[in-house]
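In order of appearance the chains are A, B, C and D, and numbering begins at 1 in each one.
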């Protein structure tokens, strides 16, 4: 067994198996779901870290499940971007798991409705671990039909998590989310069918190598792109996101905004990476325009919100735009473009999750999240407010955070390629982000003593996990070479 | 990396460490907070002293840290950064002492001193920045660490001022960011130790370089309160007095002025800047700012607002000196970085004392203050005289060199600007002095907090302004000695820029 | 005035529908274009499936694909079903507004007659799957149907499986699949890589367990909520009131 | 171009997809939307099966396996959708009850 671990390639499959196992166990141990849940998260984290270490030390590779080579069998692929996403999920996921433990305990302690909160926690752990496994599977998969299956797993578990809070608004939001997700999945599946019809293979690499602009392939790309854009909530398709993300439980919001969105986008990126040289300027520009509108519109909406969690949710809509404006830049510098966008993804993931966790803590402590009534909450929850502010800094792209590095890379690409309208979009996005984040932060960090009295009811682990995540977002401002080294490992 | 490279990091950590610990301290643990503050400030001064000695002996200190391939954060101590570091660390010590007494019994002190230390750390980072990226890095952080100090009082007015401050500085920060990225895209990373990097680009990309220069200038100009971008400064006066002192003398405005020096001398280089015709606009802009600030100061009745407009005017002497571009003028500008800091911090300390002890904020109520607060007003008078530029005070030295430099460069009109501005300085400072010393007290003081023993106020409120006032007198009197700022500036101009 | 507005509104909606229909028609045209043009479709994987069939342990090509070549998909698919049950069970307590009609004697006797037959058919399909059409999913679907019938009839047969064991039973399928996959990895070095000589038996056992799990999961999905949780309408209303207050 | 029976099946699949899409967009009731999604799924499955019989010589089992997997996934998500729709309607019902009660007491 140990020999197997040391020599084999099973590292690749462990980040998928372990959370699956954890999910089953936490489902079975319904009296104590937290124990297997947190344990599963911890083990998965270490497995992911080990995978990253293995990748850096031994290079990337493929893993043929069941020993069947493609096109017959399914293969997993480990290269820089895939493993980086797995690692990002591990870091954010571990913090969210630690947070969730404290969150449910605090809720169970706080109110009279123990049964309801117990039931919520009982469902949370299996759903979350299944989601984690599905995300890892999605990142590592090299088979387009397998991607569809993982997409569905992700969609169903996200919907389940969204509906978990039981609030009427969350039920409606979950219903809408589910329908949009199913539409996206089916569109994706039809695209997969088209691709299979033309290429007779489901292996993404084989397809990518033989790609042409035949009508069927064009239709396949359109279907797949639209399906994934729906799931990523790119601008015209963003309508479902804010209510779903804002009305969920705090750890769930963090998971949805920090991880799930990135999952669908990652597949989009993988598909487009191959076709980009073929499609020419127009399609990439179209994506970038949608991204630009998303940045501006999302930021404007975020500014208009009265509730903290809605603000953060709309900020996700805006930040998604950045994931798409990279495509025109990638035509001239694919490697630099990929590096920039992945840097953005990981720092956004940490920062956004930290902000949602912090917002959830504030909500639990104060009992509401109306921004204008949050003055003085710093006195009660200093670490949480600091985490929120730090996450906000990263979104604004100010040093010393990962967001700054990402913005720097974006801007330097745009400037050196002389795409001035993109420069304008990036700058406008940063300014708008600064406006809406400062609006929220000015309230929660305000020195005014309109104190939200009352004893601290939230668990320490909630404060610390959000802070740790925000500090990771900050740390990303200093470990650029390391991350880029990881991204550049070939498959 | 050998030990003395770590020195620069230690200098940063000497205030960052205490700052972070102070954040986590309880509000009531006053003794440990004070100890930490003073310990940090003194340690920093000692470390800076070691560094200066090293530089004087010809050591070079540099720390490199790669944050992206081909992109480094560099801390480097050259003579110019030593000047700013010394100024900041000395003034920080006094400001800390002053703030401890000033904020006694007010709420949120842990928060305040935490950000206070952070702010100084970042300022030192700006001073030690060895390339443009590092400068940008710390420059943006300065905005964030000073904002909580500006809004510290938490009143509606303070929050509004904080909003204005953020809008100005963040917008400036973004302009600076674009400029830096653009310059990097054209010329690669811009290291301060390699002047003339841009010279080969002048022929082909002259216009672009000009645009970038104005972007950078606008970016740092916001913090330096250059004329159309100065709007935040008078409003930020709602902050507590130590914060104003810090903003005006140690950190923000100074960082902006320092940035102008760096951009002109180290990024573009004098020759390139002159070839591109960038110096004349800067000269005009700073002359306008000098006059504008002085004129506006005349009509202010609030003491701190008058001082703020005075800062707008005085800081532009630095930019003026650089833009004139002759060695003497550059010396005058650079030395004013120190002189203005010393004098202005004294003035703000005194204004704070007057407000804290007597509850007076307006100049019209200051009649007869000299008799109630003789020591404070003496310090105030010294500093104000210096500001006006009476010989042999510090301000005179700066203006003298500026004038000589302008004449050497054939820009005689600058002398008129200097004379006129000195007259205006006199016009807004002398009435204060006259009223305070020679007029009778009118009615009760608004809120007299009483004397402390035989002293007019708490000793920690009196000692810092007295020391800074005396120092500002001495640097003028002993300007020719080998230990004066002027001598150091001469050293900078000779060794650093070979002028 | 109001009528006017509402007609305008209706007109707007009709226009919107018309517009979407036109766009959908265009989309169909585009899809048809993609489907019809572009030359001969590729021959697919039929040949490679046949070539490797000998090593797969089964004779049915579809079963070989499902449980050997692409067994990873099937494993995840078991988890999709499991996930479905978890999600449905996680939803808030609920009772339909229209209670089920009373059970007639016809349904009861039909159940008595059909259940053994369905189990038999399911078993046959499972067995047949190794060399012709059929297999775990078909068998599971039949078993699921049987479960639905039992539920409809509130049959006493339901109590054969105690409620406490229900989660365990639901987990059993995916858990077993996972254990087999990991076991293959530990013994042979490859995840899901059965040895050639044991493949046949492994696949049959897997299929049997999977069919059972699928049937059970389908029935659980049909039921719609966690069995032990039944709450009165009053409790639901109370919970809702409280949450409205929180919002 | 020769118009074979395979094309008819394929086009029918696509048409079903579009019809489902239309239902999803245009129908207001949740139940109809869910049914529409199922029709879309059926369309995709039919299309996949058509691909399996693409050149008519050798039947390709892989799309069949994909359809089987797809059906199970679709069953699972339909179940979730129905359960959720039940909750949404239940809530609307409860809310109406509450309103009525409030009005009666007021």
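We take it that a residue touches a chain if its C-beta (ideal position, glycine included) is under 8 Å from a C-beta of that chain, and two chains touch if they have at least 3 such contacts.
What you are looking at is a predicted structure, and each value in this text was computed from that prediction instead of being measured.
If you compare A-C with A-B, the chain pair joined by more contacting C-beta pairs is A-C. Note on chain placement: the centre of subunit A and the centre of subunit C lie 28 Å apart, centres being C-alpha means. For the pair subunit A and subunit B, the distance between mean C-alpha positions equals 43 Å. Averaged Cα coordinates give subunit B a centre that lies 71 Å from the centre of subunit C.
Separation between the centroids of subunit C and subunit D, computed from CA atoms only, is 14 Å.
For subunit A, residues that reach two or more other chains under the stated contact definition are 145, 149, 152, 156, 159-160, 163, 168, 171, 190, 196-197. Each of the following residues of subunit C touches two or more other chains: 31, 35, 37, 41-45, 49, 70, 73, 77, 80, 83-84, 87, 91-92, 240, 244.
In subunit D, 17, 21, 47, 51, 54, 62-63, 69, 73, 76-77, 80, 84, 87, 91, 95 are the positions where the chain touches two or more neighbouring chains simultaneously. A list of each chain pair in contact follows: A-B, A-C, A-D, C-D. If you check the complex, the residues on subunit B that touch subunit A are 23, 65-69, 71, 107-108, 111, 136-138, 140-141, 143-144, 148, 151-154, 159, 162-163, 166, 170-171, 173-174, 177-178, 181-182, 184-185. If you check the complex, the residues on subunit A that touch subunit C are 1, 4, 8, 10, 13, 17, 20-21, 24, 27-28, 30, 63-68, 71-74, 116, 119-120, 123, 126-127, 130, 133-134, 137, 145-146, 149-150, 152-153, 156-157, 159-160, 163-164, 166-169, 171, 190, 194, 196-201, 214-220, 222, 367.
Against subunit A, the residues of subunit C that register as touching in their complex are 30-31, 33-35, 37-39, 41-45, 48-49, 52, 68-73, 76-77, 79-80, 82-84, 86-87, 89-92, 167-168, 171, 174-175, 178, 181-182, 184-186, 189-194, 229, 239-240, 243-244, 246-247. Listed in rising order, the residues of subunit D touching subunit C in the complex are 1, 7, 10-11, 14-15, 17-18, 21-22, 25-26, 47, 51-52, 54-55, 57-65, 68-69, 71-73, 75-77, 79-80, 82-84, 86-87, 89-91, 93-95, 97-98. Subunit D meets subunit A in the complex at residues 17, 21, 24, 30, 33-34, 37, 40-41, 43-44, 47-48, 51, 54, 62-63, 66, 69-70, 73, 76-77, 80-81, 84-85, 87-88, 91, 95.
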